[in-house]
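Each structure below is given as structure tokens.
You will see two complexes here that share chain A, one where it goes with chain B and one where it goes with chain C.
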Partner chain A sequence: METEITSQSPDQESGEELFELKLYVAGQTPKSRAALENLHKICEEHLRGRYRLEVVDLARNPALARTDRILAIPTLVRSLPTPISRIIGDLSDEDRVLMGLNVRKLR
Partner chain B sequence: MRPPEAVLEKVPSGITGLDEITLGGLPRGRPTLVCGSAGCGKTMLAVEFLVRGILEYGEPGVFIAFEERPEDLAKNVASLGFNLRDLEERGLLVVEYIHVDKSDMEVAGNYDLEGLFLTLQACIEAVGAKRIAIDTLETIFGGFDNHALLREELQRLFRWLKDREMTAIITAERGDGTLTRQGMEEYVSDCVLLLDHRIIDQVSTRRLRIVKYRGSTHGTNEYPFLIDEGGLSVLPLSSLSLDHEASRERISSGIPRLDVMLEGKGYYRGSTILVSGTAGSGKTSIVNFFADTTCRRGEKCLYMAFEESPSQIKRNMESLGLDMEKWVREGRLVYHASRPSVYGLEMHLVKIHKLIRELSPDVVILDPVTNLTTMGSTTEVNSMLVRLIDYLKSENITAMFTGLTSGHQTNLEATEVGISSLIDTWLVVRDIEVNGERNRGVYVIKSRGMAHSNQIREFVLTSKGVDLLDVYVGPAGLLTGSARLSMEAREKADALSAEQEIETMQVRLERKRMAMEAQWAAMQADFRAEQEEAARFIEQKRTARDRLRQDRLDMGRKRRSDLFLEAAPEGGKER
Partner chain C sequence: MNGNLAPDLAAELEEAKRRLAEAEATLDAIRMGNVDALVVSGNGGEEEIRAILNMGSLANSIFNQVAQPVFILDARGCVQRQNQAALDLAGEADGRPFLEALPLRREDAAESDVLGDWLERGHHIEALDVGLDHPRLGTRFYLMDANPIDAGWDGARGGIVTLLDITGRKLAEIQLAVRGSQLRQQFTLLKTITDNIPEGLLLLDEEKRVIFHNPAALVILDHAEADLAGKELADFFRPRSAPEAPGTLDLEGSEAEAGARRGVLPRRDGSWLPVQFGFHALKGDKAEAGDTILVLSDISALVSSEKALMQSIEKQQHSQKMEAIGRLAGGVAHDFNNLLLAILGFTDLSLVHVAEGSRVHDNLKEVKRAGQRAAALTAQLLAYSRKQILDPQVLDLNDAVKDVLKMLGHIIGETIRLEVEIDPDRLSARFDQAKLQQVLVNMTLNARDAMPGGGRLVLRTGSTAVSAGDRSGMVREMRRESEDGVPAGEFTYVEIEDTGHGMGPEILDHLFEPFFTTKEFGRGSGLGLSTAYGIVKQMGGYVQVFSVPDRGSRFRVILPKARGGGPGTTESQSDALPSPRGSGKRILLAEDESMVRKLLAQVLIDQGYEVIEASNGEEALSLLPGPTEAPLSLVITDIVMDRMGGIELAAHLARLRPSLDILFISGYAEDQHKLPMDGPERPFFAAKPFHPAEFLHQVGSILEKKLLAAKS
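Up next is the complex of A and B:
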């Protein structure tokens, strides 16, 4: 309900998989904002047209921390492609984010 | 003594003994750190803290497991009799497994552990928890690299727990030379417990120590504790106060003459009795008579046998005319036999505690208590007995111990366990070896609160039971057994002949008296006869004289003699 869906229509022509991402934040903290900004930037740059992003604000829905097993904030969960992988932090380290997402760096 | 303001509120942990040594429990609404090396019982303590909280104090709990999966945990604590699944289904407990794995996590930038807090929050709210256990929080250090951040977050966590007034147990691994590997003791400053697991002489002993308890006095010793089917039991080294109520009730020893030695009333209920003596002096018999009389009164007796098997004791007592089997069948007497070396001392103590809790006996017997010394050092045995005696006294249970003293008679009154100061009534059974035979003597060394006999009695075992006889004390010294019998016989003979002599003397005297009286009577008779004769003689003489004079007068009258005229008045006068 309070999740913000930022989705680009999947671009199937390249034949690459769809990335399903969930970003867990807790309120409007600087870290949360930075994470969201960084993620947007990275996605637009590397995954344009083939990702779906959901932002979960645990401050509004705290029970999800328990059910989704989130310890660190912010946490980015890639549920597709499998296997699930997690990246924690404000995503300021682009190389590590890409490594965590298993996305080959362009250029 | 107690500060007037802000007394630290405590919450009972429900763990046997722990609340005693902490004088009431753990600090309410504050975190307590439980540290110790692997396998020392931290998790068990944490689980029991929660389970007892739920079952006994109506405080729902949350268990955060970083190490064990809930299934494993449930299985592990099932052996302690805790059914975690059931408590979870009843909505009283949450077991939350938090898995931290560095390998499936990429770190890209700054983060915090708000998610952990929210998870805790969700768990706490799910059951309205008042207690929380976090086992083992330090595992989190393995999951995240940024230790500086972790420390900050842990500090925040403790504050967070305090703000929510959660009574918490945080477990931590013991570090090298430090209480915890990650220095957690710096954050949890209210109460720190240290658990320890040592193997001494192949016997393991767990110990617990309160390292720190801010705002509260507490026992400072290392307290042995055990984990068994009933959960954790910490054994308070000694009650911190000596305030048990002393009973005035007296109970029979089962041996009438022994009761007589104890003011005719026997032991005090709730007192501690030691029967010490050399091997084969009859300690076990005294003890079994006490057990028998206890059962006879309709009370219950717990008999811890460390030397003989119950069937052997029963058989031996049959020869004294005691039917112990009957009491066992009626459930009044419980023999619990175990070799001292089977467990560590603490285990024995807990076993005893446990049996006492189950049976609530009126009398507890340890036979022989000295066998426990094979188990540990004297001080350990001593401290164990102190704890046991304290416990028994607080429950008003009469305790009887037997103690084996080794050979040397001079040393009889020094029990090697050195527990004499804890003993209220101390009987010593000793061999008296005279004239090629051994006999048993029994005496009371001390008996607090009564004017007990100071006499040595001979202690005789017969098929009809036990009897105490006065020993022979006379010019020949102290005699027992056949020496006493022969001395008594001789005395009897002596007494008899003296009696006879007196009689003889009396008869002789009587006879003499009779003879004397007879003689006296004869002399009196003689005298009377003589007297009569004399009287008769005098009479005759007088008659003769008078007649002569008369004749003369008559004759004179006839002759008209002048003489007649002169003599007439005279004769007239005489007549």
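Up next is the complex of A and C:
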């Protein structure tokens, strides 16, 4: 369980870009849990069918932090669409998360 | 190179900027508390996950779990955050000015100025005492601490306010203050009591040493030193049962005795103070075992009032005894008077019928003399019982004194020499001889008692004139006088002078007060001189006393000189019965003593009166003559009779025969005062024993007066 990958099959018909997301957490800290919950909610609401999410537990393998130069936990990294962007925190502020991911609000 | 370099540099610059932005975002997130873990480099260069796991939520839960209300204020003084306790206290205050949100008690409204000041200047507040109205707990008291939070630049200045609930402590403090003041009050009260009670209090330890004493103890003990603390009781407390009793009272075991004991304590001036004292074991939490309290009372006032009460009771008993004897004597005298009236009366009647100079006549005269002596004895008995009425007549004072000399000689005994200085002139005065003699007897008794070792007693008569503003005739060398204010006029006097111990002012002042006596208890009644004084005053006279301690006393009885009516007026009256002049006038005679009734009837019949005899009031009423019969001229009635007495009879007669005169006769002198006094004139009264001639004279004069009244 070094790396847990949660993905949704991309919706080919939509023709829109695929979001490749990586959430760095440290075990079950409150903010890690909150970030995961919040991210699930946002993705299901705004990116349904066009994202791929990988959750990286640094508590199990701290060395993985090096890949994306992770300094604080939780951190969400969007590797696609480029450029790479990151959002640090528990992702509770939905507006800020959508802005950071550059996702247009549906409503 | 430049062309190759430049794009690299530009890319590196971009990369650096991106990294910087990332770092900034990371720091921001850390600062904002949005992360709970960091990735750091360990010692071996390996990554490690570190530290701030759960930090924010921990602080938050601590913040909320703190029981003290805590408010975080922003730079404007508005509530930025508040913990659960603060929420309970002030409600949701987020964004409100702290001063508005804080539920200050109205009484503590002034504190809001202090707080306002603090908010403005950012000063510390330490332990500010505030009362707040807690919505759920009511009024609570808090200590408020307020400290600025300096974020490094003025614009970010805020503050943290913590409130410590001290209500419990405050209440305890208040209770403590109240108890303290109660204790102080109790102490003040106790001190006031112990300082002011007349009883002496001494707190003693087991060794009988003084721990504490009050001021009264010093007064009662008459101790020279002001403080007895630490001294042993036995050194200064040595009561005796009485001044004359040797040794001191045994105090051992007194503690066990609940009752107080009496004794006397020596004083520095040599006198003895009667005291009451008692030992009481001290009880209570603070008391050491064996501590006792000695309570001391000055009972001198009590003792003297007890003594006075005892004396007063005994005096009263004595006086009651005298009264009883007097009543007895009076009763005997009354019966005697009836007998003597009969004896003397019948003797007189018989003497009329016997030739003068005959043997029978002489014998009858002896009977009469014996009867007269018996009558004098009766009079003395009555004088003793003070039931004799005053019978003032104009007499020679010298004769009265000579008459009593023999009796006085008997009274004074053999150790006292009696000298008599009788004025050669006649001393006419109006007085009652028996009474005056009683006065002289009383004064002589007094003089005798003043000379227990013998001495000289002078009986002196004389006359003196007192002019207005002059009290001459008084002896100047006498230092102290007790005298009546004698008005101007001519007086006779008789004085009794002794060479006894004399009297000081303190005695002279009380000399004539009833029951005042200097004699040993039980020896004198205290009535002798007061009776004498009363008698003299009753006769219109005065008493003067001259006395010098250790030199003697002189009592002078002063009587106004009589004008006209030579001495011996009564004596000159003949014992001989007057000639008959009754001329058939009817007299109703009511008398229960048959012997007396017979005598009086005989006397009246011999005088020519017609007498209707009745043995009591009822019979007298039944014997009243009817309208057709010859009317009554006079009713003579005894006062005390079995079936209807004289006074009741008189009341009936006043209704039946209003114009009828009544002559009351009685053996009791005081009966005179019971007579009805509502008429225009005093009722006619004759005291037994009377001489038949006197009696006839009185009857004659009543009838004559009536005759005169009828004529006019």
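Simple rule for what comes next: the second predicted complex is superposed on the first by the 105 of 107 C-alpha atoms of A that agree within 3 Å, B and C clash if a C-alpha of one lies under 4 Å from a C-alpha of the other, contacts with A are read in each partner's own complex, and residues count from 1 in each chain.
The rule is short, and it goes like this: a residue touches a chain if its C-beta (ideal position, glycine included) is under 8 Å from a C-beta of that chain, and two chains touch if they have at least 3 such contacts.
Computed from a prediction, not measured in an experiment: that's the story for all the values here.
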Partners on chain A (chain B, chain C) - clash or fit: clash
Which superposed partner A:96 touches (first chain B, second chain C, both, neither): first
Touched partner set for A:38, first chain B, second chain C, both or neither: first
Contacts of A:80 with chain B and chain C, given as first, second, both or neither: neither
Touched chain A residues, chain B compared with chain C: B
Partner chain(s) touched by A:66 [first = chain B, second = chain C, both, neither]: both
Residue range of chain B overlapping chain C upon superposition on chain A, of 26-34, 44-52, 62-70 or 116-124: 116-124
Touching both chain C and chain B, counted on chain A across the two superposed complexes: 26, 31, 58, 62-63, 65-66, 69-75, 86, 88-90
Chain B partner contacts - residues on chain A that touch it in the complex: 24, 26, 31, 34-35, 38, 58, 62-63, 65-66, 69-75, 84-94, 96-97, 99-100
List of chain A residues in touch with chain C within their complex: 26, 29-32, 58-59, 62-63, 65-66, 69-75, 86, 88-90
Residues of chain B touching chain A in the complex: 96, 98-100, 104-116, 118-119, 121-123, 140, 143-144
Partner chain A, residues of chain C touching it in the complex: 19, 22-23, 25-26, 28-30, 32, 34-39, 46-49, 53-54, 57
